[in-house]
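See structure below.
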Amino acid sequence: MNPENRGDSDTQTIVRLYRRMRLIRHLEEEIARVYPTDKIKSPIHLSIGQEFIAVGVCDVLTAKDRVSITYRGHAAYVAKGGDLRALVAEMYGKRTGCAKGRGGSMHLIDMDAGVIGASAVVGTNIPVAVGFALAAKRQRSGQVTVCFLGDGATEEGCFAESLNFAALHKLPILFVCENNGYAIHEPLSKRWATDRLVERVATYGIPADRISDGSLTTVRARAAEAITAMRAGAGPAFLEVLCYRWQEHVGPNRDYDQGYRSADELAPWKADDQVARLADRIEPALRARIDAEIRVQVAEAFTFAEASPFPEPEELYEHVYS
Amino acid sequence: MNPENRGDSDTQTIVRLYRRMRLIRHLEEEIARVYPTDKIKSPIHLSIGQEFIAVGVCDVLTAKDRVSITYRGHAAYVAKGGDLRALVAEMYGKRTGCAKGRGGSMHLIDMDAGVIGASAVVGTNIPVAVGFALAAKRQRSGQVTVCFLGDGATEEGCFAESLNFAALHKLPILFVCENNGYAIHEPLSKRWATDRLVERVATYGIPADRISDGSLTTVRARAAEAITAMRAGAGPAFLEVLCYRWQEHVGPNRDYDQGYRSADELAPWKADDQVARLADRIEPALRARIDAEIRVQVAEAFTFAEASPFPEPEELYEHVYS
Amino acid sequence: MSTSTAEGRLLRYVDALQEAFAQEMARDESVFLFGLDVDDHKSIQGSTRGLLQEFGPERVFTTPLSEDAMTGMAIGAAMAGMRPIHVHIRMDFLLLCMNQLVNIAAKAHSMYGGSVKVPLVVRSMVGKSWGQGAQHSQALHSLFMHIPGLKIVAPSNAHDAKGCMIAAIRDDNPVLVMEHRLLYGTEAYVPEAPFEVRPGRARVVGPGDDITVVAISNMVPECLRARDLVAEVGISAEVIDPVWLQPLDIDSLLASARRTRRLLVADNAWLPCGASAEIIAAVLERAGPDAGIMVRRIGFAPVTCPPSPPLEAAFYPNPGTVASAIHAMVRPAAPAWQPDPERTRLSYQSSFCGPF
Amino acid sequence: MSTSTAEGRLLRYVDALQEAFAQEMARDESVFLFGLDVDDHKSIQGSTRGLLQEFGPERVFTTPLSEDAMTGMAIGAAMAGMRPIHVHIRMDFLLLCMNQLVNIAAKAHSMYGGSVKVPLVVRSMVGKSWGQGAQHSQALHSLFMHIPGLKIVAPSNAHDAKGCMIAAIRDDNPVLVMEHRLLYGTEAYVPEAPFEVRPGRARVVGPGDDITVVAISNMVPECLRARDLVAEVGISAEVIDPVWLQPLDIDSLLASARRTRRLLVADNAWLPCGASAEIIAAVLERAGPDAGIMVRRIGFAPVTCPPSPPLEAAFYPNPGTVASAIHAMVRPAAPAWQPDPERTRLSYQSSFCGPF
């Protein structure tokens, strides 16, 4: 019997979540490791430290449900079940990439897995996600859409416009704001007049919650509540989840020596690393086995990407019009 | 002694306010009367019934202060002291118009009077007004800016963006939303998820108030409070004022026969017409004299406009670049 | 609507549009139509008349004033398999949703490696006359022609209004339809059954030998009028309507220009980097240096559109100025010529009257 | 910075920009500079370095991610007498504020009858290479060239970066400055004292007789390299940098093209309705049908910019493809020619390396 299926359902859940968390963490660490070789010629925005949000939310979705992600979207892509090999190949610019080398790291997509794309223009994915929700409602498909967005994205006008419309039409969409306190190097204090975001969202009649304990379990529980209500016809919901970006904004490194933030900010988040927290709850042997499998899985994805062919220059003219 | 200066200051205020109210009302009635002659070849958006807002707010401003207006801006233009003859001439497309025939009814401006312009693209004036407020703060000029906007304008993304920025920088700007319940023929219920607008604005840390009694006195009092606080450095404030558009959206007529709204909606507003309310508080002889003066003043503005020359076709190329 | 012929009935442009929507919405459940005011009693000048009643508020609805998000919403719905038609009463308002149109609609199919399609129709109307002024008068098709991934069509008559709209709705790519306010009342024979005027073919709307006049949108009827005017002095002008601006049927324009050796492009827009520049550059690039084709553009004056009547009149090209330009090109040695101003007055100038 | 000559010191483009801001902000209190990230430690690649320290947070500040309102804000401040400089790290983001730029900034002076001015500078950078991809690579100058009321400048070297920026800041109209990411590290001699490179004059950057190559922005160094390549096979190409795109110095381009009878426009952008179409149409309109000028455009491939390296390489023109195009135009009868690929590799391709 598969040890992952042993024990109570709680344990199964922990193992499943750990697998996802570890997979994403390891994947991004590998991306960071490979990056200096220049094999990945695409701007990468790592979500190391923030994975618990995507994993917590996506764990309560079905395969048919959809997620709209950002350029910092590796975590949500993988958490929703996006093809790992196609992700790495896309970063390598290969023909086997999830966008055939036409997206790059900032435009991941996997329609089969319900990953409906990402925009490199901040906030731009929000109304698009609303459109998917509208379609699902009209098609009575029962699908819910989750729209991930950063704290910076809430400053774009289309965010307010989208909230109003989604609420007006009671669309099945969960907005998840990953509030890591920064837009590139600019802290919230230079961008937000107040931090009363959830209060503001609530004025649209949208149930809105802030999660500040950095816990995957909390995220998962709140997302589950929202999604359950939504499937019963409740309309949109909103979660603001506080988190912290461990790496630099774009690129593979840490940047606590740059002066705009101090490593002290990182310390509490690192101490409460959700990957480690889950790891602690899993029997060491099983954990080691999972880790080993994940190493293989990720290595295999990189091998696949490396071995895949680049598109031929003549393919440039494909996919302009359909 | 001028009878308008007789009596207590309360009486003086009433007379002053009545003068403004009557002037605007009469002006717009004249515009409506002339319109079918096709002398005014510009889309007109009358504010008959809504004048109390502009008059109440502008009464507490100084000449140096500024107002940003909408395409439905005759009332605010006049209330702020904009040149009457230049307004009518502008609607006639004459060279003596406040925008030299290049603005038309939807782009009134009088920089000398602090009327900083209007946009025909809804909402677009909002951030521009914020820029004037920023300049005033940086120039330490003590000027405040009032930004008028419709209920429809609050749905544009730039409204939310502007509120956040104005609050973040504590800019001396009073936003006044003239909520007449409609955008063209579309009621609020088809456009707003909820009517918790002031609550939403307050989440930016902006004091926000809704005035629903349709009273000029209330508007004036609340505006006075806000402006006083602002002059003391308090940052932006917000007023939502419920009102009703008596005429059709654009053009000179009533449109209660069109089916999208009923005359019943108008009835309570008409019964509480603020022009009549003020008139009741003024001694009949004085009122008659004021009315007569206003008739002359308005007639004179139309005569001026009619007598003014059109621009020459060659002038087309002026004012593209400065 | 009674005068039925083999080619259909005489129908107004606006009614032809309405018929296209009604037929396509009946045919295809996934088509929906939305935008400010589509469901009110004026129904976008009548172009959406009856659709709410027929198809209900799920498929015909107004929106908040949120052009940017509403465009994104339509794109998302399109990616999810629906066929939205988004309506803007002025083309100027597209400037509020350029990001979604250019950064997402135009690019999604490509930047997602072909895994999604965006079958979106964006309707927008060009406003003209009666003091529309700076912000209600722009024709911005060239901005969109610049961007790969978008298609653009500018029907100039009722027949094409229906046929192009149906083609646009059925197209799997984002299509921008540029309508023109002053064309709404014009009539043409329009087949009753659904039909498509697909991308790819310009149409000679008035044959001629001395000069090729490429006319866009509302400039088509105006150039036809100019053609009549110059005919009176013995000049034979060929007027061609490209119909679709992206893709553009350069071959047909080139063939005509090669033959007449004179090419005048009359656009309903500003000239710099405009459709007129594109047509001239593309034709001459292909024609080669020895073709000896004289070229000229005519369009909006290079200023912001003024509402004052005499300035507004000077801002727009008209049959008289087009006729003068034709004459100057065909008879460069002759003294400048202007048709009788009485004859150049357009019929719509007396029939169209404010406020909007 | 030590190599001082009569014409100034050797300075990098990015440092020349920084010097322009520092000098103008010191000269004129009303100048302020803002936009996302202008005040962080990376200071927009160094182009705003030290400005926060020197001029304080009232005059150098970041903003929320609200490009639309921030543009409107800048316009209002400009109308109120200030001189804002708004910075966007990618030109693609201008699509978020087209409404303010086109409907207000470009039109305010005109639609308010001259009673206000909008002395606004909008800086934006074109991204290129290293997988910038669909939404971080666009050069959208032609969209703005279409609109009366705006000025546009595209400095191609450090000297012009400083001189054009100072001219833009002092101009009473809205000026859009198109910078290019790959030019930031390039050096030129730049006078230390403030100076202006005003609108109105194109500059011959490499003289020649056989063909006129008009090169925009980053295409200037690439075309100069192409000029070297074709010189090796005996072709003399004249490379002209228009510098200002609006107003455009057509006279100089026309004079050169008349002489060489061949005109190639190399733009850093898509071609349809692009600056290249405008230049060709404007030159040929004036040259007349007998000038016999052969024309051609070269620029982005008509597709969305792909990040995959081989596709990205095929998307952009480069010195090799420009040289081939020149050769084909000058020697149409000769077999197609390509320079040695080794020689066409651009120096920046080895020196510029990710991520952004």
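Each chain carries a letter (A, B, C and D) given by its place in the written order, and its residues are counted from 1.
Methods note: contacts are C-beta pairs under 8 Å (C-beta built on N, C-alpha and C of every residue); 3 or more make two chains touch, one makes a residue touch a chain.
Since this is a predicted model, take the numbers as computed values, not measurements.
In summary, the chains found to touch both chain A and chain C are B, D. The distance from the centre of chain C to the centre of chain D, each centre being the mean of the chain's C-alpha atoms, comes to 32 Å. Our note on geometry: chain A versus chain B, Cα centroid distance of 47 Å, whole angstroms.
Distance between chain centres (mean CA atoms), chain B to chain D: 42 Å.
Distance from the chain A centre to the chain D centre is 36 Å, each centre being the mean of its Cα atoms. Each of the following residues of chain B touches two or more other chains: 97, 101-103, 107, 119, 121, 155-158, 161, 164-165, 168, 190-192, 319-320. Shown for chain D are the residues that touch two or more other chains, namely 63-64, 66, 68-69, 92, 95-96, 99, 103, 110-111, 133-135, 148-149, 302-304, 306. Contacts between chains leave no pair untouched here, as each chain touches all the others.
If you check the complex, the residues on chain C that touch chain D are 92, 95-96, 98-99, 102-103, 106-107, 110-111, 133-135, 138, 140, 142-143, 145-149, 246, 248, 261, 270, 272-278, 280-282, 284-285, 288-290, 292-297, 302-304, 306.
Contact residues of chain C toward chain B in the complex are 36-37, 40-42, 61-69, 92-93, 95-96, 130-136, 301-304, 306-315, 353-356. Listing the residues of chain A that touch chain D in their complex gives 35, 38, 40-44, 93-95, 97, 100-107, 119-123, 152-153, 155-157, 183-186, 190-192, 250-251, 258-260, 310-317, 319-320. The part of chain B that touches chain A in the complex is made up of residues 155-161, 163-168, 190-194, 196-197, 199-200, 203-206. Residues 32, 58, 63-64, 66, 68-82, 84, 99-100, 103-104, 108-117, 148-149, 151, 172-173 of chain D are the ones touching chain B in the complex.
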